[in-house]
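Beneath this line is the structure, given in structure tokens, with notes to follow.
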């Protein structure tokens, strides 16, 4: 299948500052692409470039197999949902939704039919005669989605659409967007700084930092095989534990030596033979560190660690310990007997470990 | 073509205004600057002669009076308007029940033309039938108040009328400033048991520094441009005792037919305005762009 | 005041010390004295205009008129002399209307367009242009009087009402642009983006989205411009000729005309007539008037 969106060698700069550097992304029809990164990483600018709201300095953008690089937004066959919803404040909900059709000269009957269809789909019929000012945040969000849906575009663009909602509503709307994507089978590009949104919604994630793509992959690739320290640290909550360590080739695998608060280094053996430099940073997700006896596998190693803090979170209990000069978080089962100030035997699942080069931050395994 | 038009329409829309500003503001300033360097009299000449006109200007006693008057008028007008405006604003900030009405009363002079203000005060201050005769009528037979026709004091009548007109506006500025101070800071001070007087002097007024600055800018701008008020109140007289640079410039341009003097005096006025306004605008614009 | 304070007095005296009440009354007293100070000239103007010239000569400045007469008003409106002509203020009042109305409409419209561009359609140089415009707001107009007089002559509109309209529009767009720009920058730029995606162009977005939002700032701008233009004297006196003078110039001529005896009552009536339109605007829409004043000065 031809990609629905194909961005090649895209550059964007304001004066001398480069905002986006050599962006290459392509998605298939039906994909849900999430652009994620900290604020100022260029993700919203990239979305605006896709929409044609910002001119680009180099490269090309194809949408639906056509070169859209210099085409104005209205002819790109896209629809966009904005962070502030950008509802036209003086128009009713109905007018907001039909404004685009009116501008394009769609006849009244079609407008009415489309409006009815979309408002039924989003359950906003009772709101049609209200002004945006009279709506709650969630309702505004729906109207903004309606304005996009009515367009029936090749590509939906979302610019942090959930960031203005409260936590509960955000989760609800997230599910709703996911359902919408599944029902429509539409192609979507979605910008967020929230890595959980990225994980739950995406079929494909682009992690960005300082205008450079750090990694492109499925949620599972991004989560389990982060390409560098930045991605490892940014994706996942609580964040991946990144612990400085020394490695040494050994019979039966790789020995990992981690400095510990007690002065006696912690020694673990990764049973896989690897070619690693002496100094590395090892990455382990909190869920890959369990209480001894609760995790088994051929590459699981146990060791005693002093516990600093215990944070019960209902379904799990997080415990914080100190290793290699860093705080290390482990996600234990809810009924753990772990106790602050006491040692506990941990099980480290080294089958899931990531190794990073300390200076470049690149993944080594 | 339509794509091109679409992309450039904002610039096309702005273009006429841009051209107009460049010609009618900057071009005209340039023209005046140029003419101020020539020997123009009744008609403009364009041969640059250097600073001849400025020499004449600074040697003219009338210009000297005008600059002196500007200094007296400007200082008193700004100072009294600020003090009065701040005082009324603080008094009005004490949860006054009839604040709306009072504010309207204090501010209405600002809606009047300076010609109207001048006419009214000319009548009130006239020595024959005005305040002087009122006070004499109260039994103070020897009371004299002839500032309007006394060359040494006439400039102070301009101050009186100017303050009357502008102080309510300064009050409005300060009141808005007082209201914009973070209420939580004031509550915190009240909880700490700091008396109201100290809250004003130590917390609220220092935080209004930007308002003082903009009030100062507006008032000095008004003072330098003051023309109508003097014309209506004293006509620049007695003699030219109440001349300001603005009236001097007008007299040179339109009744004396001395374009060179008019241009050079206008340039000095602009210099005075710009030394006050430019640093202010510059910092404002920079703050906005950052 | 007594009426207002009376019902609450018992409730207060229960827990508020006497000194506080005295302070409160003192405060109201001072505020009322200030109010009298600001009102006095208006009061004097009004009473003087209703007195006969004999009563003015014999009576006190601050006394109420014994016999109210509107003769002075009639004279001021249609008989007072502005130099050699004796037609009163009437023709000049209409001149001011003819100048102010088109100049206000044009300068507001241009300001809206410019403000919309500067705030929402930034292009390279837009900020520089805005800064240049802003500096232009602050020049003393004396510096443009001479060349403007010549240019109006070249354009063939010297001493005419269109000439004065032109001058007021040119030197008004700085402020009107500033007003609209400051209003429109507070509108999220995503609105323009959404409308662009919806297919709307520059004018469509202005017309359908921005103008319907703009009523408050239009009112502020119209009031500001109207007050400025109506009250203008400098341009009026510099660029008009007999017959095209605005009301402020005519008022000054009436007051300073040296022919005949000094009719203070007529002067005052004329001053009130000249002030009436802007006073009326102030009373009706004071809120917007103040907003314009503070916007024009604080956010320079």
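For reference, chains read A, B and C in written order, and residue numbers begin at 1 within each chain.
The criterion applied here is as follows: contacts are C-beta pairs under 8 Å (C-beta built on N, C-alpha and C of every residue); 3 or more make two chains touch, one makes a residue touch a chain.
The structure presented is a predicted model; accordingly, all values stated were derived computationally and were not measured.
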| item | value |
| --- | --- |
| Chain pair with the greatest number of C-beta contact pairs | B-C |
| Chain at maximum distance from chain C, centres defined as averaged CA atoms | A |
| Whole-Å separation of chain centres (CA-atom averages), chain A against chain B | 58 |
| Distance between the centres, which are taken as Cα means, of chain C and chain B, whole angstrom | 16 |
| Mean-CA-position distance for chain C and chain A (Å) | 57 |
| Residues within chain B bordering two or more other chains | 6 |
| Touching two or more other chains - residues of chain A | 72 |
| Partner chain C, residues of chain A touching it in the complex | 48, 51-53, 72-74, 78-80, 82-84, 86-91, 99-100, 103-104, 147, 159 |
| Complex contact set, residues of chain C against chain A | 188, 190-191, 193-200, 204, 208-209, 212-213 |
| Chain C-touching residues of chain B, taken from the complex the two chains share | 6, 9-11, 13-14, 17-18, 20-22, 24-29, 31-32, 35, 44, 88, 91-92, 94, 96-98, 102, 104-117, 119-124, 129-131, 133-134, 137, 164, 168-169, 172-173, 176, 211, 214-215, 217-218, 221, 224-225, 227-228, 231-232, 235, 245-246, 249-250, 253-254, 259, 262-263, 265-267, 269-270, 273-274, 277-278, 280-281, 284-285, 289 |
| Chain B-facing residues of chain C, complex | 4, 27-28, 30-31, 34-35, 37-42, 44-45, 48, 56-57, 60-62, 110, 113-114, 117-118, 121, 123, 126-127, 129, 131-136, 138-151, 170-171, 173-174, 177, 201-203, 227, 230-234, 237-238, 248, 251-252, 255-256, 264, 267-268, 270-272, 274-275, 278-279, 281-283, 286, 289-290, 293-294, 297-298, 300 |
